[in-house]
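Okay, handing you the structure first.
Chains: A, B, C and D, in written order; residue numbering restarts at 1 for each.
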Amino acid sequence: MFIDPRLYAIKRRLAVFRLIVPIVSPKGGVGKSVIAAALSLSLALKGVRVGLLDLDITNPCSHLLLGIDVETTKPIEDRGIRPVKLGSTELEFMSIAFYSGNKTLPLRGTDIDNAIKEVLSITQWSASLLIIDTPPGFSDEVLDIISLAPNPRPIIVTTPSVLSIETVKRSLEVLSNEGVKPLGLIVNLSHSVDLCLQISQVLSLELLACIPWLTNLEKAVGKPLALKDLLEPYMTKAIETILRIVER
Amino acid sequence: MHEWALAEAITVTIEYEARKRGSRTIELVEVVVGELQSIDREVFEFALKELIASLRERGIDVRKVDIEFEEAKFKCFRCGYQWNLSEVGISEHEREAIHFIPDVAKVYIRCPKCGSHDFEIVAGRGVYIKRLEFG
Amino acid sequence: MFIDPRLYAIKRRLAVFRLIVPIVSPKGGVGKSVIAAALSLSLALKGVRVGLLDLDITNPCSHLLLGIDVETTKPIEDRGIRPVKLGSTELEFMSIAFYSGNKTLPLRGTDIDNAIKEVLSITQWSASLLIIDTPPGFSDEVLDIISLAPNPRPIIVTTPSVLSIETVKRSLEVLSNEGVKPLGLIVNLSHSVDLCLQISQVLSLELLACIPWLTNLEKAVGKPLALKDLLEPYMTKAIETILRIVER
Amino acid sequence: MHEWALAEAITVTIEYEARKRGSRTIELVEVVVGELQSIDREVFEFALKELIASLRERGIDVRKVDIEFEEAKFKCFRCGYQWNLSEVGISEHEREAIHFIPDVAKVYIRCPKCGSHDFEIVAGRGVYIKRLEFG
């Protein structure tokens, strides 16, 4: 007999959330991590109790965007672990990087699966909204989150590039087969709102944001408020949609 | 002190399984605790006792709990070599990180023979229930 | 007893190559697939017998870049499988997409590991150089290829973005621990050769190419010769370096 | 006809292991072939026989080969349901794709109970050697 108590603990720990939003795309480099960080901060500063979880297990980056030094800042151990609070905000942040010392984690899928189950079963969130940064591809990270979270509502991210749109399209079929209903679409690195609308029609997803190429974004890496200020003007629809669900 | 979270996972599991079966008595729970979790045995036993007492208040009676400790064992995917924790030695700081998420062992530990990070944690990784006997 | 005969077959099949070059980066979207495709074609047209293998198992894209319709074109079955030859060139191409019908493959790490071992053990290459497109991250795909291939010499790809450079830096440590010696670095999406040189110094890797943002690249997706023509002028050093090893 | 590649993998393995041990006689090889490989048994046996004959010319004598077929079994990671291939039914075209790379089954097959692609191939996936007895 082998019973994994983590699966039962996870059910209980994730039940505190009113909404769980994985930020997903099959292609890398489309802006998932940037969007997850900025969106979490925008909502936290609007008074929502937000948790941000970095599930890019082998190559976690969210702490770099948020400017959190994982060597000096650590989650507190208290009947489990309490996520790190970001500066003056109420944003709760959790990442495997706190335990890998900002190194690459050369983990196979089974280890990734284990690490995710371990993190989810011991983290004590007090937030009501969980935003999850995921790696590209469609492997253990995405499969775990859609099977462990109750009613996950992913935000799909794409750029206007053919490669990105084509691969998003084919991944939507799998999500649908898994019974997952996306919250909507964010088109990043697009110069035209018309183009964003066209893409959202092709993919049959509600357009939640259309974000242009932002010259100053590179300078905002590690400065969470600057990052938020840069992206927020383009994400009002995404923010409103989430607020409506969380405050219901 | 995340012993409490681990103990809680055990009792949540017991409660769920008991209610699913409509059973109010659990004769025996056998728990295995892997070495990588670096658990403080006393704290873990105390937490488990407290949580089982509160289970009893909710009508579920656990008669006996056995805790078994399992030594960590590793096997290299690249060269096949097998070893245990004492052979490699890790710092206090590394042990602390690993005790939260045992899989980060792959960052700090390398095969003593070929240096690879690509190995299997054959035993002693985590906490699981080996046996659950209903009354 | 469980003996996996694929491991022995793979050793034999990969022994035909004089050089195996995985194109890797921990971040997605930096241009690995575009570079793998263009570099393979450039070398094939210079007379090198090149194989291109897409190991981005859950989200294969190389066939989209090469304009290969995986529904109508199939590898031939002949005491194993013979990779598809690209048009008039001698480029041999192999991808799991031939068998997944251009769908997303929702595979866990153990399945990815199995799929890779299966592909490598039954594919009969006649090339002498193997270029491998890999997914981002540091999981089964990369771990498998560095442990199955004899002396793999990866080309590392980065953009000038901090996130990319930082994560490449930390991944080089793992590669070195695994006994893998990169062939060099390609900096993509960079407007300045000076910047590329700086980055290559920071990473202590030889600079093999410095590729700017190419306006017409999007139009070249699916047109392999156009793709090659666009990138080739920036990749002379990479091409020469490989030619020197393969023709030795 | 990739039966030949699969058979070749077996004989390459035998040769390598025999030379490693300095042994020239293999009393018994037990090969397991998974249902997902949709192997033509006759072709596979013929290929194996031919390749073993050529092994003999290179000084390695294989006395007996047993081939065991293993039915495919699947178990859903999401709902726990278990099933076999006959319960789902796949097209000829899908069977063809799966026979090259059994893992693409996850694209074409879904759990008959919950519809998920996220399942385990418990048995019948590939070809492996279960037993190798040296003389």
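Everything below uses one rule, namely that contacts are C-beta pairs under 8 Å (C-beta built on N, C-alpha and C of every residue); 3 or more make two chains touch, one makes a residue touch a chain.
Just so it is clear, the structure is predicted and the values come from calculations on it, not from any experiment.
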Chain located farthest away, centre of subunit D as origin (C-alpha): A
Which of A-B and B-C has more C-beta pairs touching across its chains: A-B
Interchain centroid distance [CA atoms averaged], subunit C/subunit D, Å: 29
Chain centre separation in whole Å, for subunit D relative to subunit A (CA means): 40
Touching two or more other chains - residue numbers and ranges from subunit A: 103-108, 111-112, 143, 174, 178
In subunit B, residues with contacts to at least two other chains: 117-118
Contact footprint of subunit A on subunit D as seen in their complex: 77-78, 110, 114-118
Complex contact set, residues of subunit D against subunit C: 1-2, 4-6, 8-10, 12-13, 16-17, 97-98, 100-104, 106-107, 117-118, 121, 125-132
Subunit D-touching residues of subunit C, taken from the complex the two chains share: 1-6, 8-9, 11-12, 77-81, 96, 99-101, 103-108, 111-112, 114-115, 118-119, 121-122, 124
Subunit A - residues contacting subunit D, complex: 143, 147, 174, 177-179
In the complex, subunit A residues that touch subunit C: 26-30, 33, 56, 58-59, 61, 64-65, 102-113, 135-140, 142-143, 161-163, 166-167, 170-171, 173-174, 178, 218, 221-222
